[in-house]
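Chain IDs A, B, C, D, E and F follow the sequence of writing; residue 1 opens each chain.
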Amino acid sequence: MIQAPDLPAWAAIIVGTLVLLGAAITLTGSVGLLRLGTFYQRAHAPTLGTTAGMACILVASALCFSVLQARPVLHEILIALFVTATTPVTLMLLARAALYRDREEQVAAEAAGTRKKGDTDLPA
Amino acid sequence: MSRRLPHPWLIAALVLLWLLFNQSLSPGHLLIGTLVALIAAKGLSALRPLPLRIRLSSAIPRLAVIVLVDIVRSNLAVARIVLFQTTRPRASGFINLPLDMRNRYGLAMLAIIITATPGTLWMRYDPAQRSVLIHVLDLIDEDALITLIKNRYERLLMDIFE
Amino acid sequence: MEMVIALAIGILTASGVWLLLRPRTFQVILGLSFISYAVNLFILITGRLRTDAPPIIAKGDGVDASLYADPLPQALVLTAIVIAFATTALLLVMLLISRGLTGTDHVDGEDRDQ
Amino acid sequence: MSGWAAHLVIAPILLPLVVSAAMLLFDERRRKLKRWMSFATTGALLAIAIILLRATDPYGVAAAPLVYLLGDWPAPFGIVLVVDRLSALMLLLTSVLGFTSLFYSMARWDRAGPRFHALFLLLLMGVNGAFLTGDIFNLFVFFEVLLAASYGLVLHGSGTDRARAGLHYVAINVATSLLFLIGVSLIYSVTGTLNMADLAARIPLVPREDLMLLEGGAAILGIAFLVKAGMWPLCFWLPGTYAAAAPPVAAMFAILSKVGIYVILRLTTLLFGDGAGRAADFADEWMLFGGLATILYGTLGVLSSQTLVRLAGHYVLISTGILLAALGTGQSTVVAAALFYLVSSTLAVSAFYLIIEPIGRGGEDEVAQAIAEPVFEDEYIGALEEEEDEIGIAIPATLAVLGGGFIFCALLLSGLPPLSGFIAKFAIIDGLLRGDGAVPPTVWALITLIILSGLATVVAMTRAGIDLIWTPTERPQLQLSIVEAIPIGILLALCLALMVQAGAVMEYIERAARTLGDAALYTSAALDAPRAGDGAIAP
Amino acid sequence: MTGLLLALAITAAQVLLGFAMACAAWRLAQGPRAQDRVLGLDALYVNAMLLLLTFGIQTGRPLYFEAALVIALLGFASTVALAKFLMRGEVIE
Amino acid sequence: MFEEWPLFILFVLPFLGSLAAAFLPTWARNAAAGLAGTIAVVGLAILIALYPSLSGDGVVREQIQWLPSLGLNLQIRLDGLAWLFAFLILGIGALVVLYARYYMSPADPVPRFFSFLLAFMGSMLGVVLSGNLIQLVFFWELTSLFSFLLIGYWHHNQSARDGARIALVVTAAGGVCLLVGVLLLGRIVGSYDLDTILASGDRIRANGLYTPALILILIGAFTKSAQVPFHFWLPHAMAAPTPVSSYLHSATMVKAGIFVLMRLWPVLSGTDEWYLFVTTTGLATLLVGAWSAIFQQDLKGLLAYSTISHLGLITLLLGLGSPLALVAAIFHTVNHATFKASLFMAAGIIDHETGTRDLRRLSGLYRAMPITATLAMVAAAAMAGVPLLNGFLSKEMFLAEALAEHSGTYIDEALPYLATVASAFAVLYSLRFIHQTFFGPPPTDLPRVPGEAPPWMRLPVEILVLACLVVGVLPTLTIGPYLATAVRSILGDQTPAYSLAIWHGFNRPLMMSLVALVGGTILYLIYRKPLNEAKSSPVVGRLKGRKTFEAVMSAIVAGARACEAVVGTGRLQAQLRVLLCIALVAGGLPFVHFGYSLGQAPGTLVDPAFAIVWLIGGACAIGAAWQAKYHRLAALILMSGSGLATCITFFWLSAPDLGITQLLVEIVTTVLLLLGLRWLPKRLPEMWSGNRWPPSVLLRRSSDLAIAIAAGLGMAAIAYAIMTRPPPDSISRYFLERSYTEAGGTNVVNVILVDFRGFDTLGEITVLCIVALTVFSLLRRFRPAPESVKAPVQQRVQNAFDDAHADRKIGDTVADYLAIPRIMMEISFPIIIVFAIYILLRGHDAPGGGFAAGIAMSIAILIQYMAKGARQVEAQLIIRPLRWIGIGLLLATVTGAGAWLLGYPFLSSYFRYVDLPLFGTIPVASALLFDIGVFALVVGATVVVLIALAHQSIRVPRPSRPATDKEEGA
C-alpha cells in the first residue's frame, strides 16, 4: 500500500522525517527490550517509544492533518496525554509485581541453598 | 470538593476533552460537552477522590520544560545504551529516594515523570517510610540522582500541589 | 496481500483447531477464541480485500458504492464478535463450575490421561 | 391480516423478549409475579400461534405465506419474517411445549436456581425466531439466542452431571456455531445476499466456477444443522445433555433438535429444491444414509440405556434419524408423513421427559442436591425459603396415573397403537411403499430400521417400566402433584387427539408440505412483500 | 516527487514499527518470566498504536486516530490486570 | 342401515366400559363386574340380533372416515367368521366375568382388572371385526398390550412380571412383523381394504413380494398363537389370574393368530410355501405341545401346553390347504375354546379351594368337590376326544384330513401316524389331569381344606361343559348353521360338502381315535408314577424357550452396548474430532468435485509492515497452541498478541468499527480469562516414563495435528479462492446508496446494525443478556475447587509479611502497591465516560456505536474495581447491572415497537434533520435511541459477568447450622 497524503513539499518533508525518526526511536526502544539483560533493565526500554517516538509521530500526524484540513488539528495531544498518564501505571504495577516474584524466588533459592553468590540482592 | 458539585476545574477539563474529541468549538458541542462532563464528573465524585488543589504558578511551565528536556536527554542516553553498549555489566540498580511530598496527586505526578523519563523506573512507594524505590538503568552517582530528583521535580511539584 | 491474509486465517484456524482438540478446558476456550479470530477475518474477506475504503460515506446523494468496502460482512462480524465474547464468558464460567464440581479441568469431567 | 394483526407475526419473538426483559427489573423475591408473567406469556404465545396457524391456512385458498418486513426495508435488503403453514405449525408445537413445560416447572423446578423464567422465555423467543426468520444470518442470531438460553437452562438446578454435560454441550455448539458462520459467509461470498428467498432466486445464476464455494458453504452449513438435529456421528452430546437437564428443560429441549430438522427442510426445499440438480440429490443421499445410521445408533442406544432419561435421549436420535431419512427420500408423501411424525414424536418425547422424573423420584434425588443448603451468604435460597408455598396437591392413585402415563409414552415412542406414534410410522412406511417403481434397497433398510427401532423401544421400555413401576422397592411412595400431572396429561391428550383427528391433521400437514414444496410461492411472497411506506418513517 | 518520498518514508517507518513490534513479540513469546511477557505485550500495544497512527498519516483518514485513541486510553487495562494477577494472584479483590 | 349402528355400538362398547371401570373406586368389585358382565351380555345380544343380516351376501359393513388420505378408515366388517369369533369372545367373556367376580380376591383392585379385561375384549372384537388390515393390526397390537397388563396384573409377583414381559415382547414383535406383512400386501394390492385384498388372491400369490409377506404374516400369527418356536411365552403367561388364562388362552388372544390365518386363508393359502410353513409349524407345535403337557406338574401348565398342542392342530389343519381341513379348523377352534375355557376355570376352582395347583400334591378331590370334578372330567374328555363330546367331532375331522392326500410329501405320508400319536398324548395328559386330581387317596397337607366352589362360580363351567355335551351330541342342530355361515364367509362358492354327524361308520379315523384312546390309557397306566418324578419334559424340555429368550435378549443388550461403545463416544475430544473431520470432508468434497479454481480479480501488493504483523500474529497463535497446557498465562498473553494482529487487520481492511470493537473486546476478554484463571489450580507437566510419549498419545497428537493443519490449509485455500474472485452483485449496494438518504447515517456499518438489520442486533444483545443472566445464576451456585478456595499464594505471603512486621498491618502491601496507580486509575473514570459517550453518540456517522461504547464504559468500571477492590467500589458506586440490562433491552425493543404507532413494522426508523438554535442542523434518529439501549445492555451485561466472577473471591460463607444452634442455646 504505497501511498501518501497530498501534502505540500515542506510539510511532506517534515512529516516524513518525523515519522521515520519516531519509528526509529521506537524500534530502538524495542530492540532494548530484546537486548537488555534483566527485567528491570528491559522495563526502561519501551519508554523510548512512549515518549520521543510517540511524540515525533504525533507531531507528524498533527501537522499532516492540520495541513490537509487547513485548520489546526490538536487532538493528537489526547493520545500523548493518555499514554503518558497510563504507561507509568502499568510499569509501576508490573515492576512491583516482578520485584515480589523475584524476591519470592530468591527466598526459595536461599531456603534450598541453590542461590549463587554473584546474584544481586533485591530490595526487601 | 463536595459530592454534589464536582470540581469546576474538572468539569472544564472534561468539556475541553469533549471538544478535543469532537474537534469542534460549536456552541452545540459546548452544550452537550457540558452535559457529558457533568455526568462524568458525577461519576468521579461518586468514587470520592482525594481533594485536589492546584496552585497556579510559574512552577507549572517550569516543570513542564524541565521534564521535556530531561525526557529528550534521557531518550538519547538510553538509546545509546541500547544500541552501542554491548558489554555487560551495566551499572543499573535500585535507589531509595526519601520524599518530603505527601500529596498523592503530587506523588502521582512524580511517578509519571520518573517513569516516563527513560532510564528511571518508579517501583514502590512506602507511605510509612515516605520513600520510593526507583530502578535506574544507568546508575552512576546515586546521591546526585537523588538530589536531582528532589530539586528538579519534587520541589516544583510541592509548589503546585501543596 | 491476499496470500498473507489467507495464511493468517489458516494459521489461526490450525492453532485453534489444535487447541480445541486438547483435553483441558482452558485450552478449549483458547482454541475457540482462535477459531473465532479466523472466522471473523474470514467473514470480513467475503466482502473481498479492500484497503483504504472504509464504508463511511460522504453526506449527500449519489453514493458510488464501488468506492467503499462491503459494509455487510463488517456488520456480520460485529455481531459475531459480540456473540463470541458472550460465549467465551459463558464457557469460562462453565469450565470453572465443572472444575469445582468434578475436581478436574479435563473436558470430560474426569481424568482419563495416564 | 392487516392493521394491528399484521404485527402478530413478530409477536412470538417480541412477547417473550419484552416480558423477560421486564422480569430483570424484579429480583428473585418476586417469584410469584414472575410465575404469573411467564405463565400468561406462554398462554398468549399459544393463542398467537393458533391465530397464525389459522391465518396461514384459509379454507379453499392457496395461501401465500405471511411476510413481515422488519424496519420496513424491502426484501432482500432488510430482514424478513415469513410464516407459512409449516412455520405456523412449528410455532404451535413450540408454544404447546413451552406452555406444558413451564406449567410443570412450577411444581418446584423453577425454584431450583435463579432466573429460570427469564431464561425459559428467551429460549422460546430463540426457537420462535428460528422458525420465523427468512434470513440466514438472522437465523444464526436466533440459533445463538436459543443456544445461549439452553446453555443456561441445561445447568439449571446445578449438580455435577449437569456441569459435565453442560460443558460438552456448550463446547460442541460453540464449535458448530463457528461452522455456521463459515457456511453463511461462504454463501454470501458467492451470492451476495442473505435473504433465503433471494438466495433461492440467485443460486441458479451462480457461475459454475463458483459452485465449489457455494456447495462447500451449503455443506458446512448443513453440518451445523445436523449437529443440532443430532445426526450420527454428530449426536453423541445429545442424550447426555438432555439426560442431565432438569425435566421441564429437557421437555422443552425436545423441540431443539427439531429446529435443526426444520431448517434443513426449509433450506433444502427452498435452495436446493427441484432444479438445483446435483446438489439436491447429493444432500438427499447424505440425509438418507445419515438418517439410517442415526436410527441404528439410536436403537443401539435405546437398548443399552441404563436409565430412562438416556433412553429418551436416544429415542430423540431415532426420531431425528427417521426424519432425516424420510426427508432424504425426497418423496412428498413421505415428507408429509414425516412432519406428522415430527409433531407426534416431539409431543411424546416431551411428555416422556416430564413423566420420567416422578417415576424415578426417590432414588438419587437430583433435586435434593439442587436445593442443598447454600454455602455462601449471598446464595440464592428460594427453594428453602418457600417450602410452605408448594403448589399442587399430590394426587391419589399416583401409581396408576404414572403407570398409565408411562404406558402412553411407551406406546407413543415405540409406535404401537393406539396413539399417534403408530399412525406416524405407518404413514411414513406407507408412503415409502407407495408408487409403482421398484422399492430401492435403502428404502427397505429404512423400513426395517423403523420397525426394529420401534421393537427395541418396546423391549427397553418394558424392561425399564417393569423395573420402575411394577417392581416393589424400598423407595418411598411415588408422588405426583396435580401441577405435574396436568401438563403430562395435556401432552398425552394431544397425542390421543392427534390419533383421533389424524385425518384433519394429516390434511393440514399435506397442505403444509405442498406449500413447502412450492419454492416460487415462498420466494415471490417474500421478495414482493409491500412496504408500509417509502423508506424510513416519513416525517 | 515529495509525495513518493513521503510515501516511502511512511512505508519505511511502518516497516521499522513492524520490526519494533516483532521485538516486543519476541519478548512476549520468549519470556523468560511472566513479567517479561506482560512487558512485551504492553510494548506491542504501544507499537501497534504508533503503527495505526502512521496508517492515519498515510491515508489521510482520521479513522485510525480513533483506534490509536482506544489503545492509548484503554489499552493499559489489560496490562494492569495482568500485573495485578502476578502480584496478587487475583485481578479484583 | 339398520345393522350399522348396532355394529358400531358393539365395537366401542367394551372400550367405553373399560374407561368407566377404570374410574370406579378400588373397592367397587360388584359394580365393575356388573358393568363388565352387562357389556358382554349386551354385546352378545347385539351380535345375535345381527346374525340374520349375515344371510344373503353375508357381510355387514360400517365405515367411519378417519384418515382418508392414507386409505385408512374405521371399517367394521361382520361376516360369518367374524360373527363366530365375536360370539366366542363375548360369550366366553361374559362367563369369565362371572367367574372372575368370585375368583378375584377383595384385596385386589378389581375394577382395574375388569377395565383391562373389557379393553382386551374390545381389542379382540376389533381384530375380528376389522374391515381393513391395518386396523386389524392396530387392534392386534392392542390385544398384546392389554394381555400384557392382564398377565402382569399381580405385578408384585416376579413370575407375573416376567410372564407379562415375555408375552408382550414376543407378541408385539410378531405384531410388528404382521404389520410389515400387511403393508406388503397393501403394496401389492394398492389397498388395505379387506374386501379388496380378499378379492386379489391370485395377484398376491403371483407377486414377488408374496413370500416375504407370507413369512411376516405367519410370524405374526404364530407368535400370537404360540406356535413352535414362539410357544414359550404361553406357559409363562400362566402367572396371570386364572380368569385371564381361561379367557386369553381359550377363546381370544391365542385365537387371534388362528383368526388371521383363517381370514387370509383365501389369499395366502394354496401355495407350496404356505403348505410347507404352516403345516410343518402346526405339526411340530401339535407334537411338542402334547408331549410337554404330559410332563407338567402344574395344572395350569398342563393346560397351557395342551393349548399349544391344540393350536398346533388347528394350524396344521389350516396348513393343509383343503376346504375340508378349513372346516375342521374352524370347528375345532370353537370346540377348543369351550372345553379349554371350562378346564381353566376348573383348574382355577381347584387352585382357589386347595391353594395349590401341583398335580403331585393334589389327590382324591372328587369327594370334596364332586360337581367340579364331574364338570372337569367331561371337559377333559372333550379335550381327549372322547365320543359324544364336541372335541371328538372335530378330532375325527382332523384325523380324516390327516389321512387325506394333500401334497404327497413326507409330511403327508407321516401325518396319520403322527396325528394318532398326538391324539394318544392328548388322552394321556387328559387322563393324568383328571386322575391325579380327583382320584386316589384323600389329599394331605393342602394349604386349604377343599370344598365345593360357590354355585355362581361354577355356573360358567357348567354352561361351557353343557355346550361341549350338546354340541357333541347334536352338532347339526347347534353349531351347524353357524359353522356353515363361517365357512361360507371364507370359502364362498367353494364351500365343500361336509357332515357333522357323530357316526360315520367304522372308518379309519374312528380306528385311529380308538387307538389313541386305548394307547393313551395304557401309557398312563404304565407311566403314572414316573411321570410324577419328571422335572421337565424329556427331549423337548431341553429346548428352554424362556432361557433362550432371555439369553437372546441379554445378548441383544450386550451387543448393543458393545456396538454403541464402538460407534459412539461420550468423550468431548472424540466428538470434536468427528465434527471437524466431517466438516472438512463435507466442505472439501465440492472442491474435489468442481475442482479448486482461482478467480480473475487483480491481486493486492504485499504491504511489508502488514506482513510483519502477521508474522507476529501467526507466531503468537502457534506459540499459544504450544504453551496452553502448562503455561496458561503465557498462552493467554500470546493470544492477545494474535488478537492485536487481528485488530490491525480489521483497520487495514477498511473496517474501523470492527477494529475498535475487537480492541475493546480483547481487553475485556483478557481480564475475564484472568479472573477465571484464579480458580484454576496449577498444572504440573505429566511424566511419561523415559520422557517419551506413549504410542497412543503420539498417535492422538499426530492425528490432531493433521486435522489442525488440514483445517488451516482448507480455510486458507477457501479464503484465497474467495479473495481472488470479483465480488458478486451484493445487496450491500443498497445499504451504501441509502444509508444517508433514507436512514440518516454515514457510517454504513452502524446503520446496518441499528437500522437495516437492527433485528440482528436485537437478537445479539439478547444473547448477551442471556449469557449475563446465566453467568450470574451459575455463579450464585459456584463451588470452587478445593485447592483454589484459599486466597492465592501471593496474598498469603504478602499478608504474612505484613503480619510479621510490627509497623504494618495486614493489607498494607496491597494498599501500598496500589496507592499511586490508583490516583491515575481514578481519574481515568470520568475520562473514559466522556470517551464512551463520544463514541456512542457519533456511531451513526463514524466508527463507534452502542456496543463499543458499552464495552468502553464497562472497562471504566472494571478499572475502578481493579484499583480499589469490589467492596470499596460497591460502597461508592451503586451499579445495578441487571437493571441496566433490563432497561437496555426494553429501550431497544420499545424503540423498535414505537413504529407501530405510526403504522410501520417493528424497527422502522424515524429520522429527520432538525434545525436547532446553537446546534445548527442536526439529525434526529430513532436509531440512536436503539443504540442507547444497546449501550445500556452491554454495560450491564459485561459488568455482570466480570463482577460476578470477581465476587467469588469475597463471598462470605454461611455459618453452618450447628453453630447457629449453639448460639441460640447460649
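Going forward, a contact is a pair of C-beta atoms (placed from the backbone, for glycine too) under 8 Å apart; a residue touches a chain by one contact, two chains touch by 3 or more.
A quick note: this is a predicted structure, and the numbers were derived from the prediction, not measured.
Student: Hey, how far apart are chain B and chain E in touch steps, shortest way?
Tutor: Minimum number of steps from chain B to chain E: 2.
Student: Taking each chain's centre as the mean of its C-alpha atoms, give the chain farthest from chain B.
Tutor: So the chain farthest away from chain B turns out to be F.
Student: Could you give the separation in Å between the centres of chain A and chain C, each centre being the mean of its C-alpha atoms?
Tutor: The mean C-alpha positions of chain A and chain C differ by 30 Å.
Student: Counting only Cα atoms for the centres, state how far chain B is from chain D in Å.
Tutor: Here the centre of chain D sits 61 Å away from the centre of chain B.
Student: Quick one: chain B and chain F, Cα centre-to-centre, how many Å?
Tutor: Chain B and chain F have C-alpha centres separated by 73 Å.
Student: Going by the contact rule already set, what residues in chain C reach two or more other chains?
Tutor: 20, 28, 42, 46, 51-52, 54, 56, 72, 79, 83, 86-87, 90, 94-95, 97, 100-101, 107-108
Student: Quick check: what residues of chain F touch more than one other chain, meaning two or more?
Tutor: 570, 572, 576, 580, 604-605, 607, 610-611, 652, 656, 677, 715, 718, 722, 725, 727, 730-732, 735, 741, 757, 760, 764, 767, 770-771, 774, 778, 781, 783, 794, 798, 817, 820-821, 824-825, 827-828, 831, 835, 846-847
Student: When you check chain D against every other chain, which residues touch at least two of them?
Tutor: Where chain D meets two or more other chains at a single residue, that happens at 137, 141, 144, 148, 151, 155, 158, 167-168, 171, 175, 182, 186, 188-189, 194.
Student: Which chain B residues qualify as touching chain A in the complex?
Tutor: Where chain B meets chain A, its residues are 17, 20-21, 23, 71-72, 75, 78-79, 81-83, 86, 88, 90, 92-94, 96, 111-112, 114-124, 133, 135, 137.
Student: Which residues of chain B touch chain F in their complex?
Tutor: Answer in residue numbers: 10, 14, 17-18, 21-22, 26-28, 31-32, 36-37, 39-41, 43-44, 46-50, 104-105, 107-108, 111-112, 122, 124-128.
Student: Given the complex with chain F, which residues does chain C contribute to the contact?
Tutor: By the definition above, chain C touches chain F via 1-24, 26-31, 33-34, 37-38, 40-42, 44-61, 63, 65, 68-72, 74-75, 77-79, 81-83, 85-90, 92-97, 99-101, 103, 105, 107-108, 112-114.
Student: Touching chain C in the complex: which residues of chain D?
Tutor: Interface residues on the chain D side: 137, 141, 144, 148, 151, 155, 158-160, 163-164, 166-168, 170-171, 174-175, 177-178, 181-182, 184-186, 188-189, 194.
Student: Once bound in the complex, which stretches of chain F touch chain B?
Tutor: My answer: residues 807-808, 812, 816-817, 819-820, 823-824, 826-827, 829-831, 833-835, 837-838, 841-842, 864, 868, 873, 876-877, 916, 918-920, 922.
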